[in-house]
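We call the chains A, B, C and D, going by the order they appear; numbering starts again at 1 in every chain.
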Amino acid sequence: MTMTATQQQTPGFLNVAPDNWKLAIAVGLAVSILAASLFPASASFWVVGAMVAMVAASIVVNAFRKRYYGGLLVSPAIAVLFVMNIFPLLWSLGLSFFAYQSSQQSMRFIGLANYSRLLTDDLKAPELWGNLTNTAMFTVLTVSAQMIVGFLLAVMFAKQFPLRRYLLILVLTPMMLSVVAVGVFFSYYYDPTFGLISQSIKAWNGEQFILFSNKTGAVAGIVFADAWMWSPFVMLLVLAGLVSVPKYLYEAASIDRVGSWRRFWTITFPYIRGLLMLALLFRTIEAFKMADLIILLTKGGNDTMTISYHVIRIANEQNKTSEGAALSYLLLFVVIVLTNLYLYIANRRSREN
Amino acid sequence: MSTIEVKKITKKYGEFLAVKDASLSVKAGEVVCLLGPSGCGKTTTLRMIAGLERATEGDVIIAGKRMNDLPPEKRDIAMVFQFYALYPALNVGQNIAMPLHFEKLSKDESDKRVNKVAKILHLTEVLDRMPGQVSEGEKQRIAVARAIVRDPNCFLFDEPLSRLDVELRHSMRGQIKEVLSNLSKATVIVTHDQLEALTMADRIAIMRDGMIEQVGTPHEVFAKPANVFVASFIGTPQMNLMEADLKSFNKGMASVSLAGSAVEMAADPAVSTLKPSKVMIGIRPRAFTAESSAGKSTIRAQAELIEPMGAETLVHARTKLGGDIRVVVPRTQRVKIGEVLHLKPDPKQTHFFGENGRAVRA
Amino acid sequence: MTIMTKMKGVATAFSFAALMSVGGASLASAEDVTLTMAVPDWPPTRIMKKMFDEQYKSETGNNVKLEVDFIPWPDFYTRVNASLTSGEQKYNFAVSDSQWLGAFVEGGYFRKVNDLIDADPELKATMDEMHPAPLNAYSTYPNSTPNYYGFPQFPDVLVNFARSDILCHDEEQKNFQAQFSKKLPCTGEEIDAMSWDDFENVGKFFQRKKGEMLAGQPADDDFYGIAYQAGKGYDFSSMQINGFIWQEGGNVWDETKQPTGQAEGVVNSPQAVGALEHYLRLIQYMPPVAKTGTMDIFKSDELFREGKVAMNINWIGLGEASLDPKTSKVSDKLVFGLAPGTPGPDGKLVRWSNIGGQPFVLTTWTTPTQLTEAMGFVKWWLSSDIQHQFAAGGGQSAMKSVYSDPKYVTYRPWNRAWAASLDWQKDVWHVPQFFDLLTQQQDQFDLAITGKQDAKTTLDNIAKYQQNLLTEAGLIQ
Amino acid sequence: MATSTTIWEKLGFRKASGVTEAGWGQTLLAGLVSLIYFLPVLLIIITSFKVQNEAMSVPPKFFPTSFFGLIPDVYVFSPTLENFTSVFSRAFVTGGAVESTGFDRFFFNSMFIAGSSVLLALVIGTLAAYGFSRYPLKGNDTYLFIILTTRMLPAIVVIIPIILMFRIAGLSGSYPGIILLYTAFNLPFTIWMMKSFFDELSLDVEDAARIDGSSELRVFFKICLPQVVAGLAATFVFGLILTWNEFLFALLLTGIDTRTVPVAMNQAVAGGGIGVLWGLLAAIETLFLIPVFLVTFFLQNHLLRGVTFGTVKR
């Protein structure tokens, strides 16, 4: 609507006016380059900052005069995201084309060598694939566990009953805990000597139960803790969907004598599908980044290493910054492909309806 | 046999009494409208019949069987909801076919039934569309189609036409009536629109504050309202209800002091039991004739506001005591503002109500 | 359009800003000098800070403030590493694990201190008095060359934590004698004299299920004889395995033999393989958690404090908690001795072990004023009196005059093992690639500990990886 | 059945459309399941009242009292509040003086940083979401997707550039730095969520307001915002929960004065030359849980309605 509002005459390039953003950019660039080459970093940073502010101000004034409210509204968010997110991302993308270790302070352009090494090196490639497989496994297991548990919990709470409000908050609590505490306490719960699981089993057969004695146990332990922590998130989304189904649809269904299975698929499911997709999307993104629980529980032992943990190791512990960046971009690529697939499916479905 | 019988049902929500001792029986092939202002308990009554609410007390008997404790799906009924309750994820055909799954019909048979009702209700064109893609009137017909696609014990309609515009409403009234008349099922329609009730119903049950005030044919409730509420609720323009002093009653003639005039009028013999006392007299706006001069049985009033209604004209007139009288006169009779009218009520359409609000009739 | 243009503007501005190098460091006035220090959060550093606040007076007359950033152990490396490598230049001092030296020296973050030592005879004398093992471990890069980078903050060794109530119990003594024809070690001296075989016997002997008799009473829970570190995290198995390898005549890749010292053939020598097998064999007698790769130094310490094992090989640095009745169920039943050794050809025990503890180091961006004050602080810290106080408060000293003082053994029960242990300490790599070497090695050891591969394969894999990496880095030719 | 309605009303329920009524039977079922689900948290809370020596006991001590001899003594611990006082001040060295742990500061930092960054993200993000919703750009979806992408990468990858940037700007260890970073961290989520809310609103109402002479600002504040209160609340709670426990950025970018609780919590994980100080860790976590627990509890109704993300149409 307002976008198509009066298009004013664009001011001449050399016209000194508060909304001449082109001139502002030119001046800003010139001053910035000058400052950057003349002053030390700490001083020139603020000069550059001032120039950015000037350019931004001119753009804002320009947008305001042209009644371009969309740009005005979006720009603060874009600015914050750019400075704190996108710019560092691009920076590390750039780094991934260099041989650079943060502890060494030397930098050498090597093009795609980091990537090709990761994908073809006979030591690194199998490791990458192993980690990728593990990550995929954890993603599938944790996300499906969360979806199932979250869904069942939601179904349970989708009724009105006394004390519901108080019971619901109990179930929501796990996701408010700090991962450190969860990791440390679950390693206690799983401990063969002190752990509650082992002790209950021991009371029954006299043997200590060693959960982390093999990969199955280790994976189960990690998946359980993660699913326990984040199922409430899924539950909340599904519950919101469930309570938004108009009651008269269920009434109509009961009068039409629709069976409960059919009722779920034709009435309930369409209402929660979008939210399930959303939960799936967010949980999958998070699951791909899973590292902290693994660090706390197994340290990657029993073949539970994930890509994200691997990135932390090489980028942080071993200071192979550029190799870590390259690895993360491979990971990002996988995640983007996956999420696009999700969004594609979700959009296609919604277009059908 | 497709019948519905409701015996003294009561619904309480905590302390709040939604329906009290309502009784109603609907014969096979009969259409009964539950009519009343919003919040009167008519929808609750319908939902108790459907089994969507449980009656706190009383019995619901459908097809001769007590069904109080049965859930809706066991009652074998069909219902059309106010908001139609179309399943948003299914297309029109699937929506209509939904009640048929229970009967485990073959695909062909079920398609045949769907097509048949679709034809009756002119829905053949839209069977493949989604509910979001059809018009309001079509939605309404889909809801009806879904109800009549099978052969239930009875039909229940909850404000079926309230979301349609005037024209559609008019045509749908006819269509539904026609469809229902071919089915010979007990049918209950909930509505707040008296025109709908008067045109569609065989009998009307008028409810207020959780109680059924009167049950009768459209003619009965119009011509013989049981009490002041029914009298004022049924009929447009609204019946004039005026307080009066009943002075005496002699040989079928009551002499009353009405709106500042002393009036003698013919009245039901039962009125004699009321005297002497304050009474409420109800006269329909169309039951006046405007005389040229004051007489024994005329009321004097001055025209204040004139509303032409096409064939007739509605005149609001002020009585001596300041009360307002609505009079409908033929279009040909020109009334000017300020003109003094001498109104003579038609004794056959004059209703006397006692102090308890009940009509007094022999 | 406008948004995109703006983005470009911001991008350009920031890239310019980013291209700029090092900014100024914090300046201190002549009177007030603040020394900022990154330290792990535990008693040895807390004691140091306390002593500083209470006692330190700078000889220069400046008002010196020690601002200590106590960072919890699990995050210590991450935090320090990020701070140093990002050029944040926040800390003048850092407590650093000895292995980190190479990486941070090469990166130009740690300052060489030879000139400072040479310029100050007093300090030089102090350094000369230092036991050579910790001096080499904590200060030198490349390893064991006279290039000094740090000063000992808290030196540490592995000792044997033992339960006197169980080990000295008559019945257990009798049964052990009957089973192994040897006396069950019970006193400090007897523990000192233990070999790994004796240690293994203790492990075999105490494998009691809940309800079986233990020291004259039914055990209230499963009880085990021995424990040592076997965790996957950080260096929580290497530190023990290295000792085994050295004692049995093998070696890790020896960086002092650069550039000819090989990894292949040395790391996976038959002696090393035998040593690793020996280490792995003992694990079966330990609490079951040892087989999961999660028995780090803290877990074995906890098992010991909770009274689940009779003997535990652990760092002195974790000892205080065992002595405190609030945190330990065995506080009044303790005896300490040297960690076990391996009998050499002459029958005497060979006790090579990996040194623990940390030095503190100076960073390169420290200003002259700060440097003067920092050196004042170092000298104060390494003065005999302060070292005595530190040891009395729960620390350790590597200075001969301090630890050979008869008073020293009275400070803590494990101090009787201190002097003798120091002579047998070696350290692993100081090269910048240490974290690569360490993580790969820990991963491989974990596979062996959890029973997924044998000792030979494990060491072959480690050797191959190290050979590869170090050749690439030019450290092996 | 009928009388229990008033109980619900007393408990503050409004009747949601799709919610069927169930009785105390459902309460029993849900109570059982919830309790089992809550058990790991309950054990943490119980541990916060135990001294170190009782935290790891075998068999575990679950009960603070023996309930008049009903429970065998081995399962009973002697409850203490010592852990809670230790959170704020304790002796770091055996027998040493009691010192402040700085946790009062850390708690303040956590609340201040998380609170202000989530609010800031809410303000900026809501504006942006309104912009994206009402003034769609060419390739709107692509921009939104790019915004979401920024959440997909492991944080470790951007950490070095961010540390460098912070150093240059003098932001490291300061409040504005970490707050701005968390704001960016919360923005994608906020924008996505709020946009779907704005998409759902009827444009007619807004146009009507414009025709009546309202300025754009007035339309936004008086017409739109009141309709998305539930969304704002839900976004706030989600943002808070995610930010409250953020660890990596906090570890690397906060200084001595701005450190947050999740980082400082490790004091109790391997703090005093001992492994885990169970009681202390549990006490920190318990205290740390309270604020976010309360916020969630009081915004619960909004949360449920708000979290639909507007994807559900009637």
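To be clear about the criterion, a contact is a pair of C-beta atoms (placed from the backbone, for glycine too) under 8 Å apart; a residue touches a chain by one contact, two chains touch by 3 or more.
Just so we're clear, the structure is a prediction, and the values are computed from it rather than from any experiment.
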Problem set entry | Fewest touching-chain hops separating subunit A from subunit D | 1
For this session: State the pair with the higher C-beta contact count; candidates are C-D and A-B.
Result: C-D
Exercise. If you average the C-alpha positions per chain, which one ends up nearest the average over all of them?
Worked result: D
Exercise. For subunit B and subunit D, what's the span in angstrom between their mean Cα positions?
Worked result: 55
For this session: Indicate the whole-number Å distance between the mean C-alpha point of subunit C and the mean C-alpha point of subunit D.
Result: 38
Exercise. When the centre of a chain is set as the mean of its C-alpha atoms, what distance in Å lies between subunit A and subunit B?
Worked result: 59
Seminar exercise, completed: Here the gap between subunit B and subunit C, centre to centre from mean Cα coordinates and rounded to Å, is 92
Exercise. Which residue numbers or ranges of subunit D touch two or more of the other chains?
Worked result: 56, 58, 137, 159-161, 165, 168-169, 265-266, 269, 276
Problem set entry | Of all residues in subunit A, the ones touching two or more other chains | 41-42, 45, 49, 68, 71, 74, 78, 83, 86-87, 91, 102, 193-194, 246, 316
Seminar exercise, completed: Multi-chain contacts in subunit C, i.e. residues touching at least two other chains, fall at 3, 14, 17-18, 20, 23, 78, 82, 85-86, 221, 302, 306
For this session: Please name which positions on subunit A make contact with subunit D in the complex.
Result: 2-3, 41-42, 45, 49, 68-74, 76-78, 80-81, 83-89, 91-92, 95, 102, 153, 156-165, 167-182, 184-186, 188-189, 193-194, 196, 199, 228, 236-237, 239-247, 250, 271, 274-275, 278, 285, 288-289, 291-292, 308, 311-312, 315-316, 321, 324-325, 328-329, 331-332, 335-336, 339-340, 343
Exercise. In their shared complex, at which residues does subunit D touch subunit C?
Worked result: 51-53, 56-58, 92-94, 96-97, 137, 159-161, 163-165, 167-169, 172-173, 251-252, 255-256, 263-267, 269-277
Seminar exercise, completed: In the complex, the residues of subunit B that touch subunit A are 50-52, 71-73, 76-79, 81-83, 85, 87-90, 94, 98-99, 101-102, 130, 132, 146
Problem set entry | Residue numbers on subunit A that touch subunit B, as the complex places them | 246, 248-249, 251-259, 262, 266-267, 269-270, 353
Exercise. For subunit C, which residues count as touching subunit A in their complex?
Worked result: 2-3, 5-7, 9-14, 16-24, 77-78, 81-82, 84-86, 103-104, 106-109, 209-210, 221-222, 231-233, 287-289, 291-294, 302-303, 306, 308, 432, 435-436, 439, 443, 446, 450, 465, 468
